[in-house]
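Report on the structure given below.
Chain lettering (A, B and C) follows the sequence in which the chains are written, and residue indices restart at 1 in each chain.
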Amino acid sequence: MALILNAWYVAAWPHEVSAEKLLSRTICALPMVFFRDAQGKASALEDRCCHREMPLSQGWMESCTVRCGYHGMRFDGAGQCVEIPGQEFIPPGAKVIAYPVVERHGWIWVWPGDASRADPKLIPEMFARNDHPDWTSVGGTTYVRGHYELISDNLLDLTHETFIHRESLGNQAVIDHPIEVEHTDSTVTVQRWMFNHEPAPFWKRNLFLKLGRDVPADRWQIINFAPPANIVLDVGVAPTGMGAREGNRGAGCEGCNLNAITPETEDSTWYFWAFARRFQREDEALSKKLIEQVAGIFEQDRVAIEGVHETMKRNRGRPVIHLIADKGQNLARRMVEGVAENEAANR
Amino acid sequence: MALILNAWYVAAWPHEVSAEKLLSRTICALPMVFFRDAQGKASALEDRCCHREMPLSQGWMESCTVRCGYHGMRFDGAGQCVEIPGQEFIPPGAKVIAYPVVERHGWIWVWPGDASRADPKLIPEMFARNDHPDWTSVGGTTYVRGHYELISDNLLDLTHETFIHRESLGNQAVIDHPIEVEHTDSTVTVQRWMFNHEPAPFWKRNLFLKLGRDVPADRWQIINFAPPANIVLDVGVAPTGMGAREGNRGAGCEGCNLNAITPETEDSTWYFWAFARRFQREDEALSKKLIEQVAGIFEQDRVAIEGVHETMKRNRGRPVIHLIADKGQNLARRMVEGVAENEAANR
Amino acid sequence: MALILNAWYVAAWPHEVSAEKLLSRTICALPMVFFRDAQGKASALEDRCCHREMPLSQGWMESCTVRCGYHGMRFDGAGQCVEIPGQEFIPPGAKVIAYPVVERHGWIWVWPGDASRADPKLIPEMFARNDHPDWTSVGGTTYVRGHYELISDNLLDLTHETFIHRESLGNQAVIDHPIEVEHTDSTVTVQRWMFNHEPAPFWKRNLFLKLGRDVPADRWQIINFAPPANIVLDVGVAPTGMGAREGNRGAGCEGCNLNAITPETEDSTWYFWAFARRFQREDEALSKKLIEQVAGIFEQDRVAIEGVHETMKRNRGRPVIHLIADKGQNLARRMVEGVAENEAANR
């Protein structure tokens, strides 16, 4: 199945893109180079000079434009050539593809497809908590040698926590409590509530940190998916019996895992993730520890996903069996398939 | 030419397979995972969970069953799922391929093809000396990035000893003495006798060790081949004139090189070998030295075979010339071709 | 576009080829092995034994012939088998391809195509200065993972010096002065004259070395191309106003860059280069420094060319724009295309 091009994808963290140094990154199999202009606006150009096909990423920034490192042509953020050394006349074809770029929700987004459809309103609002004043968000990037949908699969069925993350997020409670699945035409929601149990190590540590003591807890996992691969998890624990399910979560630890999953190629993925929280917000040591812990957890997922990817490539078309817990990922996969088919039909 | 699947292949040494730790190994391009059940019986499953295609080798052993490391499904040695975490019902499709496995002649054998044909009687008796009370056998594994038939070629024409193994097995006598070739419908035998000569270094050392002095020797090489790539070499030296050819070999050094050659893929091979002997049987220092020496000799072959493999791949279909000494390997190749064609026709 | 086989290519420096040790090198996708016979004449054989396809380069030299390292067949410089161990009769097919080889102009040339057309008169005379008594020549080899024509492109448009070699050969003068392009049916000449300027660092150093002071200079770049990829650059600087353009260059630094560009495969190139000079000819420290400097400059080109090669492979068939300075390389590319088409038509 072809990659979906007409979509906004996170391409980078804001600090990765500057007016001084080019960032080279491939998005949806399209090599791009990212930089900022004099006003700080981020741009993305095709990583290929229109003259002799030199990667622009082998050039350098000069006056907030890209200098090709071979014969010195210079391009602005719109991809227009603004200088040809040794030649006054700039031919009409002297331009490179510029991809629409928007900076929002603490990330830099790029639209690799038809630029005329790149409406910034389509950038998923579900990621607003990444730079929302009521939340403290920290994050990182995990590079995965696997198809991007395998990460959606992973996040939409958290029974794997009990096995892959048995020392942090997983325990028997995760598999003992059934999921509830809902969906609209363009979203899937998977929900699991675990009442009155001893929470898994990650949450137990955080709840203890907040309360100063161990208590039985109610835990929630509310997974929201929108194609191609935007996934936000409302997660947390609160002391049992305080009405967390009814919305009274303030006495507990309320977190939010934001996942922007961007295909590099059909076989590799830039996985941008963040963990936003409403507890111990000013605790910078906790922020640092959370980055380390979440990175460590996704590193375990990476190993599993890369294993699955290799096996799937060798076994294309062979059936698999489906379990009850797969309902969310199966809905999501059909939704992605529909979007991709629709895009292919309108190409 | 396709690999032959309906055959017993050595997959592992007994000590490599346990009830505690999974062994991942690819046989005939089929990734498998090997382990033992509570009774110690060895099993082989396809290295792919039937649920989300996780390699089972990334899981672990639990209660003498395989726990998939992703969502925790558990499989027994027959490939049957015996547990699905979070779900009572085990659907009928919840099983993975189990390959027939038999432990015999000091090796673990697997049948990668049609399980209904996997008759243990087809395990080649020619390897009986690998754990026979009259012989002491030691061995090892050499991994070769080359087609498995190149190893048969190598063993069926020992003139190469004079060049590749000139410091151990080879000397002028090997090329000066002609071979005799015989065959049935399903075996090839190549024989070379070298009478009354100064033996090559490897044999000279062993004969000296036994006799305490240098003597002129008669040397034999009797190579028995059966498809796909089972090869046993009766080899040895005895003092000249004692009737070794007539069967009186006890005064000399009687050895036996057992070679079970297992395709990993069409381009790589697990080469299991052993050296059994009837001389200095209790000498453990000699056992250790023999492993080192034979491993060193096959390492020289590996380098040659990998060179040939690369050249052959670049030159498919180009003719080669044949020499007198090739007669055995040419018969063997035709035999293998016949078996493969027969298998393809009956698929 | 297929590689041109009916041409002389530099395969090696004379010191790389000996009667004692085989040199393995692939030319135009043909693996070859180079050596010298008892008279010192260089030979090239296909790197594949005609018996079991062992790479001859895994064998060794014996009596100025090649001993195959597998079953010991021996071949002379004409590719004829002269010994088969264990067999008296040498069958008529016991030979390997011998490629025509000529040693001339300080290099060893090979003709990978139809041997009947390998006229030594076709070896390009333009390289005569590599071992001419009036010149001192030093050189080296740069291995490039890129198509060989990208090196021609590079040498035929020196505006890149201002960007890639801005610390050695490049300055503003290079791009400020236009080129003049001439061609015949089988050669292209690109010329650039820069009068009365402060020369680029590389030339400034050399002119200072000769004159003992800085002076304004006239600089020339006269690039001569002949297919497939033979390129000689007359280059140099002389004090302004002494008539360098009219031929009076003795007061300056007269150099000559010889470039023999040999495809290893369609994706990789042996780039043999030399720098011949008529100034400070006996200065061995300068010779050493020139090798280092020119190697460093071509190393910068290598990085650029490999970048271009990768981008081109991903973008086959996509148009590029052409600039005024491309005229020479575009003529050369059409010439190479004509030769290749002609060769394909006559195959």
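Observations, loosely collected:
What we mean here is this: contacts are C-beta pairs under 8 Å (C-beta built on N, C-alpha and C of every residue); 3 or more make two chains touch, one makes a residue touch a chain.
Keep in mind the model is a prediction, meaning the values are calculated, not measured.
Contacts with subunit A and subunit B are shared by C.
Rounded to a multiple of 5, the C-alpha superposition of subunit A onto subunit C involves a rotation of 120 degrees.
At the interface between subunit B and subunit C, under half of the residue numbers involved are used by both copies, so each side presents largely different positions. Taking the mean of the C-alpha atoms as each chain's centre, subunit B and subunit C sit 49 Å apart. Along subunit C, no residue makes contact with two or more other chains. Residues 31, 47-48, 50-55, 58, 67-72, 84-87, 91, 93-94 of subunit C touch subunit B in their complex. By the touch criterion stated above, subunit B contacts subunit C in their complex at residues 153, 157, 159-160, 162-164, 174-176, 178, 303-304, 307-308, 310-312, 314-315, 319-325.
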